[in-house]
Amino acid sequence: MTPPRDAALDLTSVATGYLSDVAVLEDIDLHVEPGQAVGVIGRNGAGKSCLALTIAGQLRPQAGRVTFGGADIAPLSSRARAGLGIALVPEGRQVFGQLTVRENLVVAAYGVGQRLTPAAFDAVTEHFPVLRTKEADLAASLSGGEQQMLAIARALVQSPRIIVCDEPSLGLAPVAIDVLARVLGSIRDSGVGLLLMEQNRGLLEDVCSSVKLLDGGGIKLTVEPRDLSRPEVMAAYLGHAGSAHAL
Amino acid sequence: MSTRSLRITLCAALVATTLAACGGGTADGGGDQGSGGGTIKLGAFSPLSGPAVSSSSGVKATEAAIRKLNDAGGINGHKLEFIVKDDQYDPAKTPGVTRELVESDNVAMMCGPQGSVPFGAVKDYLAARKVPSIVNAGAPTLAGEYSYLVSSPFDGLGGLLADYAMDELGTKNIAIAYSEDILGTSALEGAKKALSEVGAQPAGEVKFDVSATDFSAQAIQLKGTNADFVIMPGAQANVAGQLINAAEKIGYQPKWGLSYASQNQTLLDLTGGALDGRAFFATPYISPESAVGQDYVATLNKYFPEVETSSGATIAGYTIGEVCLTVLQAAVDEAGGDVPSSEDIQKVMNNMSIDNDYIKGINWTTDGHEGARSAQILALVDGKFETDQDYSPLPE
Amino acid sequence: MDLLQASIVLGVVVGIVYALSGAGLVVIFRTSGYISFAQGDIAAVGLFVGLAAYKAGGGYGLTAVTVILVSTVLGGLVGGLITIPLERHGHLPAALSTIGVGLIIGGILNVTVGGDPRAFPEVSSAAAFDFAGVRLGWSDIVGMLASAAIFIGLGFFFRRSRIGIAMRAVNDNRFAGQILGVPDKRLKLVGWIVAGSLSGVLGLFVAPILSLSPVSVNTLLVFGFCAIVIGGFDSIFGALVAGVSIGVLSNLTSAYVDPNLVPTVLWAAMLLVLLIRPNGLFGRRRLVRV
Amino acid sequence: MTLQKDVETQESARRPRRRLSARAAASTGRGRVPARLLTLAVVAVAVLAFGFASAPSVRYAVILSVIYAIAILGNNAVLGLLGEMNLSGGVTMALGAYGFCWFSAQGMNPALAAVTAVLLTALVSAVIAIPTTRLRGIFTALATFALAYAIPTLAIYLKDITGGDEGTSAPYDFAPFGLELSGSTWDMLTTVVVIFVLLGALSLYLFNARPGTTALVVGEAELAGTTTGISHRTVKVVVWTWAGTLGGIAGVLYALAVGFIGPTGFSFMLGVWILVGGVIAGPRSVWGALLGGLFVGLLPVELQSVVPPAATGIIFGAILLIALLAGGRGLAEWIERAAPKMTELIRRRRAAS
């Protein structure tokens, strides 16, 4: 399956949840197009992962439309969506721990029906030189930051149009977050659309052009990244726990 | 009580009622009496399923003998009903099916229940219920007040094989292979006794495990004894075949002293013709190649064409059927032509000698219920089991 | 002849078959993370159909192909229709379902062909050469070569091929596999199909030795379990070494201690290895995710 | 499914006194102790009534069923709480049975011999559990399978104690308190049912009290690959020892009922049946163990009058597969879930009319 040329991801009035009869999120509207980075900020349990899994095809929307390049992708499986060019970097990295770094990338390429050519390997690891040096190490032996790099590299190997990143900064050291911001920025600049679910304000400010505030089962507000630092926004939508974590 | 508890209780009560209803049905169903309407009921258990299912051909042969008689009009007009239940060769299941045979089906006697261990589990029960049994098993320990054996004791067969090797084959260089069970160990004892009577010693005693997947260690040990003749009557065909093949593999080719337990096509197939002229089977039963054997083959082919006729276990089952019929004929006579009771049957069995075409040397008295003390040796010639040494008394 | 020397040589010969009985189990384990208890029954069906082909006049080649074909198809059917769908309830129900499948197949075989052990043809009954007082037949040689080839092939498959790597990945993290578009169910099915054909190959080497009955290949299963546990599921080479060690160990136990102690010694050896090296003698230590 | 189960478990671990929802109670087998005790009692009375009303041959099968149910009850602790596949249920039964016969043969009073045999089985189970519980998942199944596989030949090897291949007899005239404990007697039936109910009630109590909660948390944590503050090994050894003890009790009763024990009775299939009986009936239900026992002990005997004996394996395999396809939680849970719905339906219909 070839991805549509101007592959924009659109969610229109989507309701979704983990169970078929209980909605976690309702009335979600989103638009991400190639080369654009959209952020979603929300507290723990606000439904960020639920949204990510819905886009990746692990959860079925209860209402609304999910389209990619104008075509309805709601009935498609995760596998079909990966083939279309929608890649998910899931929460908690989810690398194949007992496989080597290279094997992780081989599997990712296999998932979209490709081989991991030396050129593709070089292209991806250009962003992450550390993965090149640890090519033959088991993924489980990598540090948290390195595993996050691997998870993103795995998505990149699939030459996607849109990457959905679910909390990539979780558990990372500040230095690693800086590297992450740089890499995500260059991915965006290479023409890939980015949907970044985050609690880390700095990362969102560095990478995204607009940020949706997720709370109470829906998108409360769409703001400019720099508006995130305004105290009233913080107080209104992130609450005490969120701000403590983010700041 | 909360409503939830009530619901669960209701549900449980439902289950209970259903169970009780089933129970009532079963109890009613098992009520009819066996000794009426000119039918003599006989029972047996056998592994009809499970891992030991291969030994169930014996009970089919028993049934063939019974059906043949039924088709010929029965005994003095009385038909025979033969009920076989499956115990999977599991001594925990045997008491259950035996109780069913005795208490629900009201069998007058057990005719050819199979297996030493399963019968051991019900021997006392059958005695308590005063149901006589003609057992299809080789362990002499199974003989008791209500249990009668047909097969020769394996110490006798072991001794017979040792004597045969010394007298007919002219060798005293004899090894014994055995498994740690009643057949194996009694054959070992019998063979050793026969050897010691002429002042000889076995060249070696090698133990094997019947459930093993590899017999090369035993083959090597046997080869180390350098014996000309190996006595192994307790082994079943697949076990004997594996051990013989393992010996062939290391270039050890003695003559083998076996018994009816391994006398069948499986052994020949497994060993692929290598045994021709080198295998001897001690058996109290007939050769399928003999004159009376042809009669037996025809009967079995008529009722159970799928059952292999040359197998020693099948011939044993058939012979036991014939013995049961001999006993029942006598019992009907004893009962004045009526359907005999268990007591009648036991009474005639306690004073019975059988020496006919099928089996020789059975002398049952009130105190002695052991099997035939006369056996022959069959030799494997061109894939056929032919009489090599005629019936002779077993060494004591 | 030297008892020790011959025990060891013959132990090696039979040990390679033990290792082979672990090969199919390894394939299912590495894709799905559990063990099939139905491998012996699947092989038995293939063998009985093959035997029918042989008796109908097909040569050994046709028989062997039939056996492998039938067990391959049956392996795929059992995995695809029963066991893999059950994985949604967890590994335990999936593994238990293989017991159920084994009972059903065993029952069907009992009803249709009966339990009598039968002889099964071997590839060749000719002797090849003598080695240390043991006459090795061509069937032994072919068995050893086939076993070695299968092990090397499997090792290569899981280390190098894309499908093999993806199969391991699915077992490692099924969710991540799905996200990346890896067809997990299809790969597991491939695992079952490969395992089915391996059980057929195993049957071809076991049935001539043990005779063929509905339970005969099953009796070897416990040796297969021991071989892969001792050798380590990760290590194909380990399973081979462990199989051979088990063959030698059981021969030595049988010759010097008591033949009735062989299974107990196997259990003890298995437990001991699991305690000292939980991932087998040659298995890689599983790293816990950070 | 798993996600939801975890949530339930964690919550109930935190607040064991909290009243569980009907669905949670059915799927965890916890909570609502009085109702469960009542169900257990009613089912036990039904089994007793059925046994009394039946012909002795059926009664014998019922007695064996209840004995299997005791072993299943123990094995269910390993299966239902820890989520481990234990195939050595037959091993502990063999230990109890052989121990009982041997101690009696040594001239020990049968009652004392029974207690000693059970204690010995508990001790041996604990010793075997120490290494076994270091294993996980499929490795536990394989190790216990290998042990179960070794038992018949080991019994032959130890023929001085076990009587070897020919087996050994249980003490015949064992009549504590004037109860005739053998074969298909009514006393035997009553005794095994009473013992089952006592053990079932004890299981239910333990399951709902702290020990059960702890074990459940350990089992679920293992499943999720997470850690808790509890010493997993200790808890697991205790659960395995409990299972072994019940197996030992079942073994002693088995020896009394059958009157004879031999190695072929303790093939690895016995362990498989005990496991399968638990799965079919529901590993987290106490009365389900009784149901499982009836499946294993009674069904094969009764089935023989309907299908050819050789085909009973097919029926069993099919029942097991259906139980697994239905979710692997067993018939007991299914009934527990269906019962409220059914009563609700009846009530509505009654209200409407």
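Here the chain labels run A, B, C and D in written order, and each chain numbers its own residues starting at 1.
In this section, a residue touches a chain if its C-beta (ideal position, glycine included) is under 8 Å from a C-beta of that chain, and two chains touch if they have at least 3 such contacts.
This is a predicted model, so every value here is computed, not measured.
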Furthest chain, CA centroid comparison against chain D: A
Pair exhibiting more inter-chain C-beta contacts, B-D or B-C: B-D
Centre distance in Å when chain B and chain C are each reduced to the mean of their C-alpha atoms: 35
Chain A and chain C: spacing of chain centres that average the CA atoms, whole Å: 43
Centre-of-Cα separation between chain D and chain A, whole angstrom: 49
Contacts with 2+ other chains: residues of chain A: none
Multi-chain contact residues (two or more partners), chain B: 49, 51-53, 180, 209, 211
Sequence positions of chain D contacting 2 or more other chains: 153, 156-157, 308, 310-313
Every chain pair in contact, whichever chains are involved: A-C, B-C, B-D, C-D
Contact footprint of chain B on chain C as seen in their complex: 1, 3, 6-7, 10-11, 13-14, 107, 110, 114-119, 125, 130, 133-135, 137, 209-211, 213-215, 219-220, 223, 247, 250-252, 254-255, 258-260, 262-263
Touching residues on chain B, where the partner in the complex is chain D: 1-2, 4-13, 15-17, 19-20, 22-24, 26-27, 30, 48-53, 85-86, 89-93, 95-97, 99-104, 116-118, 120-122, 124-125, 139, 141, 179-182, 209, 211
Complex interface listing, chain D residues touching chain B: 22, 32, 34-36, 38-39, 42-43, 45-47, 49-51, 53-58, 60-61, 64, 152-153, 156-157, 159, 164-167, 169, 172, 183-184, 254, 257-265, 267, 269, 287, 300-302, 304, 308-313, 335-336, 338-340, 342-343
Contact set on chain C toward chain D in their complex: 29, 33-35, 82, 85-86, 88-93, 95-97, 99-108, 110-111, 222, 225-226, 229, 258, 260-264, 266-267, 270-271, 274-275, 278
Interface residues, chain C side, partner chain A - complex: 162-163, 165-166, 168-169, 172-173, 175-183, 284, 286-290
